[in-house]
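Labels run A, B, C, D and E following the written order; every chain starts at residue 1.
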Amino acid sequence: MKKIGIADTTFARFDMGNAAINELKTKDTGFNVIRYSVPGVKDLPVACKKLFEEQNCDIVMALGMPGAKPIDKQCAHEASTALIQTQLLCNKHILEVFVHEDEAKDEKELAWLADKRSREHAINALDLLFKPEKLVKKAGKGFREGFEDAGSLRS
Amino acid sequence: MKKIGIADTTFARFDMGNAAINELKTKDTGFNVIRYSVPGVKDLPVACKKLFEEQNCDIVMALGMPGAKPIDKQCAHEASTALIQTQLLCNKHILEVFVHEDEAKDEKELAWLADKRSREHAINALDLLFKPEKLVKKAGKGFREGFEDAGSLRS
Amino acid sequence: MKKIGIADTTFARFDMGNAAINELKTKDTGFNVIRYSVPGVKDLPVACKKLFEEQNCDIVMALGMPGAKPIDKQCAHEASTALIQTQLLCNKHILEVFVHEDEAKDEKELAWLADKRSREHAINALDLLFKPEKLVKKAGKGFREGFEDAGSLRS
Amino acid sequence: MKKIGIADTTFARFDMGNAAINELKTKDTGFNVIRYSVPGVKDLPVACKKLFEEQNCDIVMALGMPGAKPIDKQCAHEASTALIQTQLLCNKHILEVFVHEDEAKDEKELAWLADKRSREHAINALDLLFKPEKLVKKAGKGFREGFEDAGSLRS
Amino acid sequence: MKKIGIADTTFARFDMGNAAINELKTKDTGFNVIRYSVPGVKDLPVACKKLFEEQNCDIVMALGMPGAKPIDKQCAHEASTALIQTQLLCNKHILEVFVHEDEAKDEKELAWLADKRSREHAINALDLLFKPEKLVKKAGKGFREGFEDAGSLRS
């Protein structure tokens, strides 16, 4: 049975891991979910690597909510860079689900965004794992996770 | 028979993968094309690595359309960095074909640019794979993909 | 018996290593502590790797206090990037405990912050090592190390 | 017999590869030159790696002419980072010879600079390969490639 | 007998390698020094790796003097990043001794700074190699190399 890893943080101000797990279990069956929580986004890369190598996960979602200060942006950049490196080391996908604290106009919208983006990337994870042909059909059509889709260019 | 991988995204607002495949098949024969679509540009590096290692591709085109916001620029930078790392890990070329949303004056020109750049890099891919001597002849002459060539310096 | 590594610097203006060790020994038993001091934050990554590979540490805390100038920020960025790489190479956690000289309003607050953040991350280290389920319970609740917790979003 | 690799681009607006090869052959003998041309600077790292691993080169010159736009600067940064990584992977020197389009006041000076820098780095390549003691004698004396030497500090 | 590597550049405008070697030989005995000079700071990482792997050095000092222009800052950043990577690959320390041309008010002070920082890091190298306990005693006390020590925070 396939295994989906959920790596999240105690720094995030919304339980994105729970939202992702809820969506996964609502949409499909036939897989196990393993959750691993760490302090912040810079702790996520090795957490993901351990989910692949010690827990045999087939795909991982890495969820985090970087703050709005320049140092937070830099931490997010360092974490993102290493999340991609981790994928190259393990030959498996990690779906990075980051919500930046300054993406929304208030706390309510930020919570909505964190929930929606986590759920939409949960579906991406299922597609990458079980139905990659669905992503080929959606290629080049301007899909977004969280806010509204941008759609195809008018030409 | 040689294999050419096409990695593209559901985030892009133009079907660059299709443009590249169309150009490849129009210009030459004697190779297979394998397409792999992922959500965004940061998912491309591992997709390319899987195309090399699991699908035995000889060269890959990585096509994406980063947005215009600072966070999008940063994502593109992270993806580019890892696409080069992937080439070093696999000893094979990946042609990065990124079109930035703010490179064109409107949606129509952006679609034209995405199409043209994808097609011109498809020819680069064929040259790298089958006729590397053609690139030596073009060296130092100011070629561009998409917009007009810059040409040689007037000295 | 588990081993916890403490890597710190002569550049820091507060003895963060001592604070961390004091907190570790106050909170729990059943582990050994090994300390390794280096000149600056850019010397920490290889120090941590040596703590893992030559001293068999199970987790490491990397403590530093980058200065306020742009070059100091860049050094911290380079160090952070490599601390994450080190974790990926060793498959073990490094808790980065950096206090930036411009985070506090005066020297007194900076000393308080360096002490508090070192101690709170010492507890994170113990949780990662001995009680990872505690971090799952805290996930998504806006915890911070040093200054006040941000808490959950009001939605 | 030693082998010197020349990796250059079709993007450059001056034939830097040709200038380097001409200088190498004028200054010395007893080595072979292998040229490999790619579209842009981000294609250079894997080209250099292939020159080392598939063509057995002992040293490589990587020549490119990044444009003046921010995205060009970023591409150059990504390429430079990976050129250093390639050296670490292969334990051999790559002399990066980049001329930035905005380094010169007009096209004529830019062509002059591209020619001069390529030729001066060709001599560095020969020194690294055949006469490393020459570089020790020049150490700390403010040498530059292209524009005028800065010289030693007056103290 | 231990071996200390000295990697420096022809770009630097002060003979930092010589200052470091002079300090090493004045302060201690029982080790050999091996010097390797390269054109610029971006050539230092592979030079250090070769000093470790081909010359069996136990520690290396990498000395350079980056210029004041933005491109020089970027080169220094790329070099620093790779110097840390080299340490991780070799499990040995490299003491980066960079003096930025804009750190001093004139050429005389810059020469003084380059000399002093090289010498103070030479002592760090000796301590890391022979007396690591000395660094533990200095931890968290605000030491600097070159300019005056910052000292401990007043709290």
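Going forward, contacts are C-beta pairs under 8 Å (C-beta built on N, C-alpha and C of every residue); 3 or more make two chains touch, one makes a residue touch a chain.
The structure displayed is predicted, hence computed values, not measured ones.
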item	value
Shared chain contacts [subunit B and subunit E, defined touch]	D
Both-way neighbours, i.e. chains that touch subunit D and touch subunit B	none
Same or different residue numbers at the subunit D/subunit E copy interface, by half rule	different
Length of the line joining the C-alpha centres of subunit A and subunit C, rounded to whole Å	25
Euclidean distance of C-alpha centroids - subunit A vs subunit E, Å	41
Residues of subunit B touching at least two other chains	81, 85
Chain-level touch network, classified as line, ring, star, complete or other	ring
Neighbour-by-neighbour ring order, given that subunit B leads and subunit D comes next	B, D, E, C, A
Residues of subunit B defined as touching subunit D within the complex	77, 80-81, 83-85, 87-88, 91-96, 100, 121, 124, 128, 132, 135-136, 138-145, 150-155
Residue ranges of subunit C touching subunit E (in the complex, touch as defined)	8-18, 35-39, 42-43, 45-47, 49-50, 53-54, 71, 74-75, 78-79, 81-82, 85-86, 89, 107-108, 110-112, 114
